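By letter and in written order, the chains are A, B, C and D; residue numbering begins at 1 in each of them.
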């Protein structure tokens, strides 16, 4: 790793799109980018208000001269610099993910983007094509799939460690929309969140549901083939979709259940996955992100912990502190940032480019297909195929 | 309680149907019946083999003279005795629950029966009629709904403690049929379990699924109105149904998910329920049966424990040892046995008959309607109404 | 087991001393005795008030004719009966354990007794001699050491499963005396509890501390050789000892810590043990009595559960329901009652008498030596030897 | 916060002493310093080997020109720069903490130092004097006391939330020295760790024990007044002290227990604290760092979580992501780094200087007094006073 950085000769330069002062996800991206020394955050557009955007940079440790009024300006001006940005990180309102990603790709930049990648499947397919044509990297910050223990789960399951798959349970439960936010003061953030033209076809899927679907697909190594879904608002009078639950059939035939709800009053934010196979099962919960419960038929349950000496070295390397010292989502995000950097550097210096498990554009497109299928199923009241 | 027993003048006399030596559920019923001194187990039919049945009694502490060769003999002979049995407890193969219950009712006895109550909904409706006409008591040993903490959950939810209902998750996960039992030695027990004419329309629902459905209905105080279900065998080549998962709509409009699977290799037997409402949620897991997690919006999670001094007295009375001393399913069963006894005694001695929350024939009939609806939904590939 | 019972020809007959109506520990003993069909509870002395004692029997399911006014009467009258009691179970105030046990032994009866066995070590040594001379059985209801998982821990540790012992942590924490009971209404129970001449040299040790010490000794297979203790009242103004914490040195050299406190406001009753060895450790908590955490160096933590198929058959036999169905202290008590019965029956019918792990008189004597050593250490302000 | 940074006009500049490539604690310090934008890491001495030290900087993102061969060189050269460092972070072998801190203070720099602060109490007292005379800031990275939930525990306990203190249990358990490291290859790190002249009077106390002692003192707001300790090696043949357990008496009279062991084979690294008071107790474990268990007498247990809306705003501000998103030791360290920066900036710009709870030199001196008292107690076999 250090050798790769040395051969490349410098850190990569990141421009942020979104995540201004007061944004926790902004600090998450920024901290993750710099944590391991792969990136410097040198530029940004921090607000849709040009004046506020330009003013924000210095508060976030970025030179005023590289804090721009809008994305077009950033891309143009950075391109002119000898030390211009290598990539952008996008964490703006959902409806802008697609156009900003397109613009960045067009500008020859790599893209690290928050979910959902686009408004709908058509846009997503277009983006797949564009990324392929551009030769640029495109990563999605599904942090839950970048923990050492979810990656170990994926490795174990895909390599047959629990035998043929039999059943999957995945859920993302949250209280973020448990109250009538519609009736409170309408902040900028609420304004776009509550407008489905901006937040996505199904708000709960844009916000959390696609994380759960992606995690299940990542760990099983399979896409969802068919779905039968309930979708709607559990909060009375709400126009947005704050809940989707579904029966799943994965490619290859394994069945399962899916639940995403943002209106679970009192519930702590948590994403949980169980995958059952012929010989045993694995269970992971975000709340205990450093542990994977592995239960094999006829054996005591094992609590595999981040850093356990029997884990594969690359899994262990996904943690930074010894077993027993808690880590969290920041480090998972940092794993994604580090892998994108390493792939970029490896391409640049030549030689073998490692294959990293971070979430890519194709994963994002499957999420959009899944969301559309859930809505189609709800409308039809029956099972529907997920578009391949 | 002691006063009631004194006024009644004696313990009640129970005859067991099924639960011979080696049967853990037999010991559970027997232990639960005698634990609190409400019942004596004085008679029984312990096997479908008359010789083995008669021999079993003394091993189980019952006089040889009251260990009978079959149910008809027991009912006839006990009726002749001045100290004949007051009730039967039925824990035989599923297909016999209905005829034995009918016979016992016809003999003027109260019935305590394992689930499922019948083979199908038609039988269940007939049994509802028969119980009503007989004036006898009929209780189902859904022990999970007889824990102090599930009863407190039910009280809390029904009294509006978490506000209007929004979402329900219930599951019963087990590994009992994770392997190809079909290929192993065919014990008597396996022979009827694996024969759906005997074990029921859906084996997994007979064995565990109806417990989960009942628990959800008990805690919410609502029946299931509509269901959209997947049902089948996750073990390749299996003819029986070892898995049902479903989307639920309860009466009154609350939605939810349901999962029952007997082929979850490695998984420990567990039944789990979460009910979300407008203001908060409750969560219970059988594995931690003495605790109820209550999470209200904006407040720290509370772990309400069996015996907590703030609980209602009748909930506290459902436990026997101080908070912190584990109890289990035996005590939950004993709560059911005790309540049936008290209701019977109260009727006999006159005066007010308390209203006990133990599961009754109507609850069992709803379970049968639910099972049939799941299968109908699976066949149709869409939502179906649950017969009222 | 059934064979032994058949050869013996009947159940054993138990007389209860203490545990009248309203006593949870009384119901625990009674339920444990009858749960598995080894004993009938046929006689008793339920109160120090002869009239109340005689009246209590029928409330507890015992014939009025065998409910006696005092222990002497019970022993005399039962001796005259052809169907007299085989043993007594003692659960009276602490100062009466010794004289009642002596009387029962003198009457040729086996004894099952609550801790502490005596007031002091001198009495305990006398009782060791008496039990030995009598040829009768004497069991102490240290239920915590009768769980399948503590017994498995003991087996594992004693057989070297974690290598040479290095460190032990044991504690029993409770809130039972967190408030100034001294200032409230003085019930009969409080009257003797708060009188150290009756409740013992150190109230907290009589009530819970000796359970913790015994559990540590049982699992390690070692007595305590030396102790350095703090002992006193954490509740201001209290005359009794409500807290003892101590540094331990076990025979053979392993060190450890011990804590018993009855005044831990807010704390749920719990007894916890960790034993560390050269190669790994075991951890058990009463709150999760059906699980043993086994953590070996360099391996994932294993949660060994009651009923896990890899456990030794006799350990599995200590549970009654399949893995995942909670059991509790009642079943642990029942294990002790069952073993005493089996030992008694095996002696009676001849042939091999199995060696059961239930707590015996010598264990109780070591507890009394330990208590005296703690107090001596507190007085001296330094380490003292525990009398062998 | 942003206002303070703006008024100060720049980030602070940090020089690292120790924590070279491959050091996890080095990455922890570096990541914590930069996470929130308070510090830039601009300089360092990364190894006791001057050549390796100079080479390490670029690997860690620091200019070669500011990577020095030794501490004296760094202090001298940085002093000459207009943009020289403001502070040093010390994470070298234990015996160098004191001289490096002295040198940095003499050079007019603030100091952030790993524990233990010195070799013994005499050095510690000297350092207290020096810090006082210098007017510089001195912080100790006891990260465990910088979590939102331990800080909330401290606030709650000190403000009387659980009433008068009654009992304290604190422990730090680890397997780091469970094997005979003495017999393996002697790395540089092992060489000083295993040499008590370098690692400290009691290795286990230098490594982990002082963290536990500090946490207990921080949460209770009290120093330890008297101690009675066992100290030694639980690994046979070991010359170093790998275990200390002790009975404690805090100032003001509350008693407690303390355990630190580095040779707990199989045990996951964990630090745990329980504080019991008149009305309830608090419990915290590092393994679940974002939660505080608060159990008040007569009430259900509450699991207070980082981010719970009822927490004080400054406690909430110690977390960065919403409740339910795991954070860990990095963020706790970052809290310390941020507070030192804010105190420094506030002093510089004038106006009110907030009082931050980060661990200071006086806390470190008490730790050294505690360690010496434990050893004195072990030598004497009795209670000793902790030097004030």
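Basically, a residue touches a chain if its C-beta (ideal position, glycine included) is under 8 Å from a C-beta of that chain, and two chains touch if they have at least 3 such contacts.
As the structure is a prediction and not an experimental result, all values here were calculated from the model.
Enquirer: Determine the groups of chains connected by touching when chain B is not counted.
Expert: Remove chain B in thought and everything remains one piece.
Enquirer: Please identify which chain has its centre, taken as the mean of its CA atoms, farthest from the centre of chain B.
Expert: Max centre-to-centre separation from chain B belongs to D.
Enquirer: Could you let me know which interface, B-D or C-D, is made of more C-beta pairs in contact?
Expert: Result: the pair with more contacts is C-D.
Enquirer: Approximately how many whole Å separate the CA-defined centres of chain B and chain C?
Expert: That gives a centre separation of 34 Å.
Enquirer: Go ahead and note the Å separation of the Cα centroids belonging to chain B and chain D.
Expert: Measuring from centre to centre gives 55 Å for this pair.
Enquirer: So the centre of each chain is just the mean of its C-alpha atoms; given that, what is the distance between chain C and chain D in Å?
Expert: Roughly 43 Å, centre to centre.
Enquirer: Going through chain C residue by residue, note those that touch at least 2 other chains and give them in order.
Expert: 268, 294, 299, 301, 305
Enquirer: What part of chain B is in contact with chain D in the complex they form?
Expert: 294, 298-305, 308-310
Enquirer: Show me the residue ranges of chain D that touch chain A in the complex, using the header's touch definition.
Expert: 2, 5-6, 11, 21, 24, 27-28, 31, 34-37, 58-61, 174, 268-270, 286-287, 289-290, 305, 320-331
Enquirer: Going by the contact rule at the top, pick out the chain A residues touching chain B in the complex.
Expert: 162-164, 166-167, 169, 171, 175, 178-179, 228-230, 232, 234-236, 243, 245-247, 249, 254-257, 259, 261, 263-268, 276-281, 294-297, 299, 301, 381-383
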